[in-house]
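Structure below; questions to follow.
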Amino acid sequence: MTEFQTNSPGDFETVQDTVWKQEIAFIDAVPRWLAMSFVFVVFIGSWQLVTALELVSPIILPTPMETLNDMIFVGKNLLTGGYMLGALWITIQEVIYGFALAIAIGFSLGVLVGETAFGEKAVMPYLVAIDTMPKVAFAPLFVAWLGFGIESKVALAAFIATFPIVVGTAAGLHSADENARMLFKTMGASRMQTLIKMKLPTGLPQVFTGLKIGAVGVMAGAITGEFLGGGKGFGELIRVAASQLNTPRVFSLILYLSLVGLAVFAAVSWTQRKVVFWHKERVGAGDA
Amino acid sequence: MTEFQTNSPGDFETVQDTVWKQEIAFIDAVPRWLAMSFVFVVFIGSWQLVTALELVSPIILPTPMETLNDMIFVGKNLLTGGYMLGALWITIQEVIYGFALAIAIGFSLGVLVGETAFGEKAVMPYLVAIDTMPKVAFAPLFVAWLGFGIESKVALAAFIATFPIVVGTAAGLHSADENARMLFKTMGASRMQTLIKMKLPTGLPQVFTGLKIGAVGVMAGAITGEFLGGGKGFGELIRVAASQLNTPRVFSLILYLSLVGLAVFAAVSWTQRKVVFWHKERVGAGDA
Amino acid sequence: MKPAVALEYSGAPVGAPVYDLAHVSKTYARNAVVALEDVSLTLRKGSFTSVIGSSGCGKSTLLKIMAGLIPPTKGRVVLQGVPVTGPRRDIGMMFQQATLFPWKTAVENIVLPIEIRDGKAAAKKAVEKAHQLLDVVGLKGFENVYPNELSGGMAQRASICRMLITEPAVLLLDEPFSALDELSRDMMNMELQRICREQNATAFLVTHSIQEAVILSDEIVVMKPRPGRIAEIVEVDLPRPRTLDMMTTPKFGEIVDYIRGLLDKGEDM
Amino acid sequence: MKPAVALEYSGAPVGAPVYDLAHVSKTYARNAVVALEDVSLTLRKGSFTSVIGSSGCGKSTLLKIMAGLIPPTKGRVVLQGVPVTGPRRDIGMMFQQATLFPWKTAVENIVLPIEIRDGKAAAKKAVEKAHQLLDVVGLKGFENVYPNELSGGMAQRASICRMLITEPAVLLLDEPFSALDELSRDMMNMELQRICREQNATAFLVTHSIQEAVILSDEIVVMKPRPGRIAEIVEVDLPRPRTLDMMTTPKFGEIVDYIRGLLDKGEDM
Amino acid sequence: TAQDLRDITFVQPSPSAINSFPVFVAIGEGYFEEEGLNVTVEAINGSGAVLQALSAGQAHFGRPGPGPLLAARSRGVDAVHIYNVAARSNFGIAVPQDSEIQSVEELKGKVIGTGTADGAEVGFARNVMTGANMSEGADFEFLTVGDGGPATAAFMNGEIAAYSSSTADTAILNQRGMAVRDITPVEFGRFFGNGIATMAETIENDRDLVEAWSRAFAKGHAFALDDANREAVLAHLAAGNPQEGEDKEFQSALFDAVRSKTIPTDDSKHLGWYPAEVWKEWEDALVKGGEISGPLDDLSAAWTNEFAEIGNAAVGE
């Protein structure tokens, strides 16, 4: 039998309130800015250390300082509407269009795969097979058909981002439970209605997992596209800088690029919070 | 008020059984081999058409026949233990180790991100930022630290496959419902116990979504690693063939590679079915 | 099967047969549990039938088979002269677990069947009716609340509203009032009776409350477990409409006791 | 608050106070619903207290506050002389929704609290006891079945076993028997009484069945809704141990009627 | 015996064995072994990566282009070219066979495609165009089209009029039925291309190694230049890259194209010899193109002919 704590009762007659708050573990209580700064400092610190100890050649890894200086340079160019801004804008367009395309295709295929046995049995294996293939093989095809404009990069970006969305959507459609399915059957819902009004909302958390991974993939896809199929985007600037062994520039460019990636990811996360409002994402022990 | 069907009752006195089966829509009833063959035929058919109409240069897209011939050649080499077999084996090793590493790291980070506010607020943004960065920038670092052996490719493969696993795991940890959380609290479960015995099992479907996407990513990562960091794997063969515009070879090699990808993906799917046995993945209208 | 001869009988349901079950059996393939064995049953138009039986004796299974949600292993199920071989629109069903969708408010959940049957516009028009139904079940003021802010009993009551909104001709109810207090339950029983009479609906109710079964039903199907079979079908000859004060009449007590007796025996069977 | 003077009183709980609630209020921030207002209550060691009140009057909320799962907005909760400011191990709680984990069999679900408290080895040893408990609740033969193969009432009974296995000193039960038939319910009531007596446990039971409340309790807390408050605390002076045939005694009927009266009034308050 | 051999890594910027044929011939003929070296070849992605691998100490020798080497030097990486492999430049500007364009002057107002692997061909093309008195932007445009497939696509879509690429790429296009014609004026052959490089540190601390390497390499080079050895050479290349050796005709044609560019323009000089004045020209071109920010402090430290001489001396033996 569970042992009682030994304080004698009655001691608390005078206690007025035992209103309490969910205990929040230290690790969860750290404010965001502090936590981020901490990681930042650790990050930059080790980077500085690696370069200061000359563990690695400066043409492989620049120092944080060099990178910062170059970021200021690049930043100025961007702010004053220099050529880099144009390049960044091209890449941003590729990312946006690519993501939109990936969402449209990935979602449709995800529904096909998640909803029909045909999709699951016959389409999915091909999707997996295609997605494991190195994209270099397709870059020439995209270029041949779509040219060197942003179209071919959009296609490649979408290509890479599609698969996670397919997997997420398909998994989401499987997550509805027995009761909900039965309920929809008794309501005489058509397959389409069951899909749209029940399975999809239920599966949204999984769909968003796919979208988040896709959001990051689309960035990689656009840059890969620019590497393989040329063009005038940010990836091209990176490539040129890399071929010139201008590593501070390479790093400063990719840091700017990662801000774009963060923005896309943040947009997806924000949408998720708005759309899946009933599914409170709760973190840590301090959840009530 | 719902209208009744108009058959007069009593007609069915003689009916013995109305044992029925879940109606399976045509699209779900097609047997796997037929469905796969159908997609295959459509696939190869359009491919054949594109090449037959010379919509694209043979240097960019070989004909299915050329590719098949080359696949036979490559197949022979593989079966007779030729140089390609060695290369394939290297790549398979990279994929296996890379995936294992990605699972270990991705899962740990996923738990950190999904379980602690610190992870979510401070670590995740950095993961997103790093993952959006083009991997080319890191390939030299990996080579510098890990050399030309499979280690550097394993690292890059793991790098690419980690992120989906992080996102999947973190999302999975958020999927436990209020009741289960409260139940664990009343049982006096520690945070660790709640994590391991409740949140993780509950979140497994999402974890597997991440693993599936990662399984495909790890393949791409290993090949990217070989493209950028040398080595003697299958990616190297593809690169040689591509640089020589030997497109039938490129396509036949990547088709073989995609079989490896399929195998990895299938292994993950199989594991999911075994591990998440209570979460029947049901497809189509024919679910009971 | 012993008929309910012990009770004077008057006022059996006289409508045309609506449901006709003959020799229905169900074995769950997964664990080879025989949930139902040779269940035969006829429900007549406008009648109210209750099922009572110990936990696990196959009541929910029976309802699901009648609703065409799961196929029987053997036997015949005919509804309105048409064999049941899948879910049917002319049925309103309420499940044992109240399943409200968390992304919809109470009212949105309630008009969902209308939305599915007749589209969004119709659903919009049905909001007024949903409000009325919520009012009837005592949930006025909770129209726009999301399900996770409702108590257990409130969620159950909202589910009832969802079933009622389409005014189905046949109601299948699986312990619809289990989370309600006696008072609300009595009130809901009377409302249910009123609605069934108004719409001349045929009702089939799973319950664990003998009182509830007796006050509502024309016939009570008493089941015994393992495998689930019908022990007896008891006819309740209390006059219609039933009122709550009938519960204090000796006849009511008699029937209740008779059924309790059947259930007691069922345990050893 | 009118005391239960109408009833002769004899046999109040005499143990030391275990739970002490004073002026507990709870307002849900999200929708500003006042779920509880100024609830004061003392539970004594070994006593059995029931809460009864209409659906949505705050019973589940009260239990969650007592269990330290959600904080009160105002007021004091002291358990065993220690303020409750979070979940406590000395409590066994059963929720209104039976939450069994689908990846564990019935027995595995039941020994889970042991596994969490004392580790895998202890859980393994507790399997024997889990079997006994399953037997007590009539689930012999379903030990290794997964939850989705159980009926509603079976799942509820398995949850009860899970709560009982740690032999907690304080039991908080939220409508634990709502999905059970009367017979099983009566049987479970007697088992619960036996277990509480054996372990000298303090029990706090939410129920909608006045009969159940009366047969089990030393005190019955009658609540009225919106906001949830205590209408009256009725003491039940039936001798211990209670037996099922006490339910037919006039005194039992008197108390039941008295409480029904309180609840009826509660509706208009 | 094999155990006593020293393991040496050589990195090349592209996967083809033919582009680094002297190495494979030297391996195949056992020249390295004679010097006590066991050479492993790694193919990575472009000259930049080659220099990164060298500076990281992951490789002992590499075959970067002169442009990237100067860029690396300008960033404080003391890499040194010790053997001029592509003495006659391994770059060229090509147009489709049936194109009306006959000379670089006619490229005015056109778009010139450039590859992606190296970045060196851009510098080369700029040199050529500057030589024809044209400047980027005003008179012509560069468009990065990547190598192989995309370049072909660019030609076929008419998106580019000419393609600045490596000799090998041009040969490959021809072999694959995309007939192209090199219109680079002969004098630009002086802009030598990729050569063998190592770190100054290696030269200083491990001089014996560099000498041993150079001897074996030069012997391999000389062996391959002798037509009598053709069969053996192709066999060595196929051993180094079996896939490349599968199509004999293709391999042979590619080898010819590459080999022809390795013979010094000034035939009075030995194999691997570097002309100092062209280094200066390269530097100017890079400064003009912005690849490096200004002239190097000591351009002459970027290369040495010393080891090529030692190598050539060994050939005679």
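The first chain written gets the first letter, and so on, giving A, B, C, D and E; residue counts start at 1 in each chain.
The working rule: contacts are C-beta pairs under 8 Å (C-beta built on N, C-alpha and C of every residue); 3 or more make two chains touch, one makes a residue touch a chain.
Only a predicted model underlies this, so the values are computations on that prediction, with no experimental measurement involved.
Taken together, chain A and chain E share the touching chains B.
By C-beta pair count, the most extensively touching chains are A-B. Per-chain Cα centroids separate chain C from chain E by 85 Å. Centre-to-centre, using mean CA coordinates, chain A is 17 Å away from chain B.
Distance between chain A and chain D, defined via averaged C-alpha coordinates, is recorded as 46 Å. For chain A, the set of residues that touch two or more other chains comprises 56-57, 60, 140-141, 144, 227, 242, 279.
The residues of chain C that reach two or more other chains are 69, 89, 97, 148, listed in rising order.
Counting only residues that touch two or more partner chains, chain E has 52, 56, 148-149, 152-153, 156.
Listed by chain label, the pairs that touch are A-B, A-C, A-D, A-E, B-C, B-D, B-E, C-D.
The residues of chain D lying in touch with chain C in their complex are 28, 30-31, 33, 52-56, 59-60, 96-97, 138, 145, 149-154, 156-157, 175, 178-185, 208-210, 260, 263-264, 267. Residues 56-60, 139-141, 143-144, 147-148, 227-231, 236, 239-240, 242-247 of chain A touch chain E in their complex.
Within the complex, the chain B residues that touch chain D are 179-180, 182-189, 193, 197-198, 201, 276-279.
Within the complex formed with chain B, the chain D residues making contact are 64, 67-69, 87-89, 91-93, 95, 97, 99, 101-103, 112-113, 115-117, 146, 148. Partner chain D is touched in their complex by these residues of chain A: 1-5, 7-12, 15-23, 178, 288.
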